[in-house]
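So, here's a batch of structures to check.
What follows is chain A paired twice: with chain B in the first complex and chain C in the second.
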Partner chain A sequence: MFLTRYFSEIAEAVGSLLKGMRMTGYYFTHHKEIITQQYPDNRATLVLPERFRGEVVMTHTDNNEHRCTGCTACELACPNGTIKVVTKFEVNAEGKKKKAVDKFVYHLELCTMCNLCIEACPTDAIRMAQTFEHSVYDRSQLTRILNKPDSKLQEGVE
Partner chain B sequence: MVEEIGTTDKGELIINVGPQHPATHGVLHLVITLDGETVRKVEPHLGYIHRSIEKMSESLSYRQFIYATSRMDYLSAHINNHACAMAVEKGLQLEVPERAQVIRVLMGELTRIASHVLWWGAMAMDIGAFTPFFHAFREREMINDIMEESCGARLTMNYMVPGGVMYDIHPNFHRRVKEFIAQFKRKLPEYDELVTGNTIFRARTRGVGVLSKEDAISYGCSGPTGRASGVDCDIRKVQPYGIYDRLDFRQIIGKEGDTYSRYLVRMQEMRQSLHIIEQLIDNIPEGDFQAKTKAVLKVPKGEYYSRVETARGDFGVYLVSEGGLTPYRIKYRSPGFSNLSALDHTVRGQKIGDLVAIMGSFDLVIPDIDR
Partner chain C sequence: MWNLAQLTDLIHRWLYETFPPAWALAFEMIIVGIAVIGLFAGLGLVLVLMERKVSAFMQIRLGPNRVGPKGLMQSLADTLKLLVKEGMTPDGVDRFLFNLAPFIAMIAAMLLMAPIAFAKDFQIWDLNIGVLYVTAISSLNVIAILMAGWSSNNKYSLLGAMRSGAQIVSYELSAGLSILTVVVLTGSLQISDIVTAQSNGWWIFKGHIPVLIAFVIYMIAVTAETNRAPFDMAEAESELTGGFHTEYSGMKFALFFLAEYINVFIVCAIGATLFLGGWMPLHIGEWSAFNGIMDWIPSSLWFFGKTFFLIFLMMWFRWTFPRLRIDQLLNLEWRYLLPIGMVNILLVTVIAILKWHF
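== the complex of A and B ==
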């Protein structure tokens, strides 16, 4: 009784070992099943989905114009204090004072890519970019000013 | 509190496992009292990854606080967000569009499969089989790609907003999920062949770490851990939310309550989740994906509670509002904490080598325990 159980257990163990080895053999001979991506080498062909959230950027037209009015809706929507909008007053052609964005400060080091600022923006001035390789040597390099120097508000955006 | 090092008066050895230990899947610190090879006592020490998410939520608006719950149980981020969104919707008495409900459930079940698949690989690795981990990641990667395409992130999606979902599903979603269903159905028997039927795996899990039904109830175990002991605690059945009451699926209940039983419950749950996805994927109704909400949400004064079934168990959100812009108090009932509290009871009298197997079968996610 004991001996039969002893030997049947051994037979079962060898059986399950062979089962596992069969799968090893299958994957060894079927190269189509390889799914490993050679990541840093495939950078040129790497396509990320358009919705992928990598960092916040501000869209600029060819004339160096952006759509940010400086309403600070994104700043209020952000849960981490990632965005700081510094505004200034500009005098327009009619001599009226108007609020405009001076510096759009973005702290990438604090950002959790929750997309709430993009949702909050009434003028679609900011969007998420697909870049994801953010490593730098110094943390201060992660604080960015998103509006380009000398950029202006696009005509017709209120 | 025991001494953290050395021996007790009875000559029992005290050793530390963690906080940096590969088998604890995070920064969990266990102080173990050993009598030879037999475990006499396990004392979990928490607090290494405490981020005070509950307190933090008190200063965030009703739209903002949801994102933090993705970082609690990061393997069921969607389902956590679902619970938070539901609590706010209860307060605002918002009607969520049918399309959003279906998308929520679809994403939730995909998350559940991804979580269980990862657990399957990690559990096998804890016991000593390395290859299943790679097999598991192959299928998980497919789900992560689906998430990335529709939600914009792979792990911390923040896809659920009060009133629906953040954006509509991607045009490729339907095709991708179909591909995943076909692939997963093809590969699930492989999972069984590699691990479930393996003699070594069975010998190491059968009859090890038995948690009785009474103990599971008194420790508040939920999810697959509780169900393996015979407790019918699937919130999707017991207290259906969303559209779960209209779906056809079974609640998997085990009998023995041992490590092997906990393993089998999760394996069966993956098939049930797949069944739910198959029912829904061709029947996503047309319509809005988000209800119209005000820019600033103000939940009326009151107390609201919502509970969901995450991959680990019963997750509850208790929201107290004073009528202001931010919640007055938020309390999360996380499944991991209750499940961990049963670990000491389960491991006592077992061998030290089985500790890791039992811990693996509990499917602990440490940030969920600590918050």
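== the complex of A and C ==
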């Protein structure tokens, strides 16, 4: 009884080890399945995974309109103070004062790409872009204003 | 064709005709020393590159491919880097032992080269207890590791060294028992006798299943003895930050690294000699036509082909299996390998006495 269990354990172990070796042996003999990207060489054809997060950008339409209402939900959601939304008051056609975004300041040097701001945004104004070549010579170049100059709030976004 | 024995004979006779015997012997020793160091350097470069390439392809990567054509010069560049690095000795270490340990590791590896038959009649020293010599010297390596671990004055190094000690002491037994199976079958400890005994077929084919089991046990035990994954408890990067060579850098680290690869080569060479016939070409019984064709391939190619096949096997182990815990490691040895090895040698002895082998 003890001996049968002893030998069946050995057989099971050897079987599982051989299974693993067959897998790596298959990889070793099939060089076409290489998953490494030869990055600087294949810059033009680089394929990034769909959910890769490179930096926060604000989407603008062709008419230079964005969807940011200046609600500062992203600023509150950000765990390390990457986003600072500077708001202003605009007078609309009906003569009412309304809060709007003046400058959407984004500190890329502080950002950890955690995606919490994108999830917090009620109007889908910001999204994660896939650009990742962020090296610059001076840190101040990493502080960006995401809303383009003279851009306006898109019609119908509250 | 490719007869290295003629070359050595020529040099030997020329030296003894030209110089007095004492000088000729000294010159021969120097030539052998240079040849061994050259082989070490060559093996180090080739094996490091081979390891990196094999591991890369097994993990669906490409490995080094920038330096030289297809990355072939990578290990040369690494060696150059290690050579010009500062050989630092940290404060608080036992300076003498700390600096001595890498050299002990290299010397232990170097001594093991003596009885290995690289080709037909091409051997540094064909001593009559060759196999015993190899098993004795290969356990010297643990002294270097213990020395490095103790003198580093670092708890990680010490833990790594102690684990290595436990491991080598345990696995020596299995390795010894599996080596003994071939010694029992051959009836001799001399390497040249063991190789000649395989002229009508290698032991792994002639000795039925018991020798096959012994071969498997040998491969597992020597993988553990050379401290390679899945038995690399002495280094265990994820637990011990490098184990016994945590405090080493530059060329002293490189010597440990080189000694590891040399040991891998040597244990594979011994395995090839004992189980796969060493330099003996693939002979099948009395088929003289087939044997004649096989004899056309030079014996050195046979030897290095078999050795590198076994090295590849060890690399395959390393890049497939996860590391064992220290208790699992000792369980494997004392509960599985050693009892099986003991029963196995009993079987082999019965086969040898009753002449059941081919």
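The rule we apply is simple: the second predicted complex is superposed on the first by the 121 of 158 C-alpha atoms of A that agree within 3 Å, B and C clash if a C-alpha of one lies under 4 Å from a C-alpha of the other, contacts with A are read in each partner's own complex, and residues count from 1 in each chain.
Here is the rule we use: a residue touches a chain if its C-beta (ideal position, glycine included) is under 8 Å from a C-beta of that chain, and two chains touch if they have at least 3 such contacts.
No experiment lies behind these values; they were computed from the predicted model shown.
In the superposition on chain A, contact of A:G20 is made with both chain B and chain C.
Which of chain B and chain C touches more residues of chain A: that partner is B. In the superposition on chain A, A:V47 contacts neither chain B nor chain C.
In the superposition on chain A, A:V91 makes contact with neither chain B nor chain C.
In the superposition on chain A, no contact is made by A:L3 with either chain B or chain C. Looking at the shared chain after the overlay, A:A77 reaches chain B, while chain C stays out of its contact range.
Shared-chain residue A:H31: touches chain C; no touch with chain B.
When the shared chain is aligned, chain B comes close enough to touch A:N115, but chain C does not.
On chain A, the patch touched by chain B and the patch touched by chain C overlap at residues 20, 23-24, 35. Contacts from chain A toward chain C in the complex involve residues 10, 17, 20-21, 23-25, 27-28, 31, 33-36, 38. Residues 54, 57-62, 316-317, 319-321, 336 of chain C touch chain A in their complex. On the chain A side of its complex with chain B, the touching residues are 9, 12-13, 15-16, 19-20, 23-24, 35, 48-49, 51-53, 77-79, 112-116, 119-120, 128. By the touch criterion stated above, chain B contacts chain A in their complex at residues 60, 63-65, 67-68, 131, 138, 141, 148-153, 156, 158, 161, 166-167, 170, 190, 193-194, 197-200, 295.
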